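First the structure, which I've put down as structure tokens, then a few questions once you've had a look.
Here the chain labels run A, B, C and D in written order, and each chain numbers its own residues starting at 1.
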């Protein structure tokens, strides 16, 4: 049975590196030993302190000084990674899009992202970087909207072996794609080093819903492909990137985390209970409607 | 327990009224007596024979002769209804949109649709008309895209009591809305006289997938609201408007119908097994994440 | 030439009615006399003060006390309208959706919205209410997602003649529909008493972009239908509901307002320069590709 | 000034290679010498003759014999390329998706696509292959939905230098992305060897509208990035993949082609008339709303 490591800790704030590291170590001591650390560095980068004159900077801006400033901030994230003995930095390119297409050159933007990642790779020869694609929000359009783009970007970098992806289910759904397909694509490339599971009800604002809350079959297929390729056995991370439901009372607003875990484990159980040879036979005979019913009936118990 | 009448027969073709009626009666004889007839009149209207000079006509065109021709065709549908002793005509306004917005005036279009429905209502004082909304396809944009628009249109007509709606799940999903919400909206208006259940995987071409095939929870909520308001007890129809999966062998390509029925009945069973007072309590306490888990766990069996 | 009244003032805050009224009157004195007042009452309703125990209330909740509280807050909005001599209240039902479908009954929700509007209509026999539809955000799904639903809701109310709609371009686009079509639909119903013009780049978070910023032709068609039906001649309002582009310096971040007005007036000029009889001829001859080019070329100058 | 080569000839049919080649050569003789050939090989592959027992085959099926058959058909396309002296094959993976996610393994699917492309590359050491991504239709979901995925796939192949992309504007829009961004991404990778320009009104069935017909600014940005990087100077192709507007009379239903060309050239003219140093200054000063107006005003003439 594959060992699945649950949990990603996102550490944000404008504190000193030592403050952050201390807080994280203290937190880690309280956690289940099955929960591992990765680091979402961009959170620091996007804080108000990462601005020049009140303006958030990005890696692919026209003004060189702004680009440089954004990269400097990221080096601080890498410092924190080192303080925490973390070798994986998740890089969500939140500010690297535009609100109007003419504000940036899309070819140059990609080249500047490569440049920025190269500087990070050079700054710490041990650090691995997982690019987290997202098509939009907070900006109108991003330049690395999907897993395909993230992997392609990594292959342009100086040390492609240290650039992977983090797939967040909701971000995939925002691009109109299927999370399990994106996972399969990344696994074929050997680039799926971490996932952030959650759910999203179609194309709208980023919802970070509980895993499986919208579409159980879509969640099931994510669990299935991760399990099929023994995800976690080589140090990959399964994170749950979920948010409290608004309009709830505070004291009951943390169940989204345990709910996500409960549903994950239940879907894993269902996935392992399927008769793979029966499925193969249905596929070989192109009896897809039978397969459709088979899956639905197993999901419905 | 509400009695649910399954099945809608769509009769199309350019044959004479008597041909169609004979074929339908013959078909009816072979059907379960639980399956009732409604009539999808637009199918006839949209056939090649409903064109002038090779061009399909619509109710809301600028050229009066074309509008008239489209309405004449529909009178033939009503004739067939009469021959079959059917008093419900489903009107899907397939050709009443445009490919470019400037091709029709959107205010006039609505008024011409009212005019056309009024002529139908006058032509047969017994016929009831259920408008089936759809946002697009085969045209770029339609003027009656949602349940709200269809009900509003009916209220502009000469005899609003004889104009209702047919909600097709997939058409609702194409408008980015939720089928169970649309059903509740129509029930509040007392206008939900027929439904066409199926499924659709997001915003793309019209898929007519097996009921529940994409999203079991979305299907569950449709079953739930229909059952809650005793749908079918007053002669309403539950239709399954599903399509064979392409790339299948012909001999196994009819299971989508029985699959849809099987899933409908299973979801009905799940819905009736829920503890309504527990649900009410969670809602009153705003413990929505607990409710979320409760629903997911019941769906997963 | 139709007279177009530009501008909607949104007044928010938890201040007393007199504070708000005084501030608004002071603001009005500084404005162009061509700019009229309407009132966006829901802004008050949605403030933190409109909560019970830290929870925002809505008109269609299960708990009666919460519904009542939400309506009481709205009565304060009506009081402010009266203090400002405003007879039009824009009602955006921000909190009247859900995050999970099971949290509310969709039929009851609609009925409770009718109930709430009826109480408002009764509270002030002079007030007119314009429902502003939006499909989602801040909640996952709303019960009045489109113009069709808003008009249908109004027709269920006790005094339908005092319930109209406010169409916001971006909200229409979020429902995958076309703003000019929605406007035509509402004009056919004589319900388009106010519009909030802006733009939106597809299905994502609510952007409130400058009018015409995404799609000039879509903006052109909105201007065209408003102008064609002499919008503004009977006291209707044209509002610009636009937002500063993020990542800008503060001192240049107000041009979105004048940009929107500039583009509106330029598109009006283009619309009036078109040869309507030539357009009619192309439509009658179904020479739609010629019409397509004709429109594009006039837009491109 | 970059030289822009307009036109792609799509040759389809189940005829013999010599038939197709003869027809194509005859057609070429009638064409403007500025119009070059590329070859859309998948058209042949997708014909009924590419089936076994009435079933269309795909490169990534579970059954080896079916995969092999699909590849054999493609070798015939390459033969036709050779007969026509064409070295560029556009590969649209129309049948390589699924209708339900469980019908194929997404990791294996990608690996089998690599395998198929490798066989093609080996079969003709001169042929270059441009993968044309599309997220859906005719199937529910495809495995190579975007430019990022297509480029990533190429980089897994045996001879990555001979695998590029063909970007079709409408396919990009179906994935919720921006065509000019995708073009910039591909140019940064040196993989944009051909484009199919057209337009699409949001997420629905594949429309293949006239270039610029929906959104002139989106079209403008495509022209702009192609021109900025001297597209066509190194033998790249600009194709127009547009469709007649339905409901038109046949005799006027070919203007979509010349319309697309006319709009392309007009947008090129506008693009070249812009003051690039003024744009750079606005970007440097983050005066994006000024830039927004500048672009809109130049588009409106």
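Keep in mind that, in the parts below, a contact is a pair of C-beta atoms (placed from the backbone, for glycine too) under 8 Å apart; a residue touches a chain by one contact, two chains touch by 3 or more.
All values derive from a computational prediction rather than experimental measurement.
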Seminar exercise, completed: Farthest CA centroid from subunit B: chain A
Exercise. So which has more C-beta pairs touching, A-C or C-D?
Worked result: C-D
Exercise. Over half shared or under half: which fits the residue numbers at the contact of copies subunit A and subunit D, same or different?
Worked result: same
Seminar exercise, completed: Whole-Å distance, C-alpha centre of subunit C to that of subunit D, is 40
Exercise. How big is the gap, in whole Å, between where the Cα atoms of subunit A centre and where those of subunit D centre?
Worked result: 30
Problem set entry | Distance from the mean Cα position of subunit C to that of subunit A, given in whole angstrom | 36
Seminar exercise, completed: Going by residue number, subunit B touches two or more other chains at 55, 99-100, 135, 141, 174, 176, 202-203, 213, 217-218, 245, 247-249, 286, 288, 292
For this session: Just say which it is for the chain contacts: an open line, a closed ring, a star, complete, or other.
Result: complete
Problem set entry | Touching residues on subunit C, where the partner in the complex is subunit D | 176, 202-203, 210, 212-218, 244-245, 247-249, 252-256, 259, 262-263, 266-267, 270, 285-290, 292-293, 296-297, 299-301
Exercise. Which residues of subunit C touch subunit B in the complex?
Worked result: 55, 62-63, 99-111, 114, 135, 141, 143-152, 155-156, 174-178, 180-181, 183-185, 187-189, 203, 217-218, 221, 225, 228-229, 279-280, 283-284, 286, 288, 291-292, 295
Problem set entry | subunit A contact footprint on subunit C (complex, rising order) | 53-56, 95, 99-100, 135-141, 174, 201-207, 209, 213, 245-250
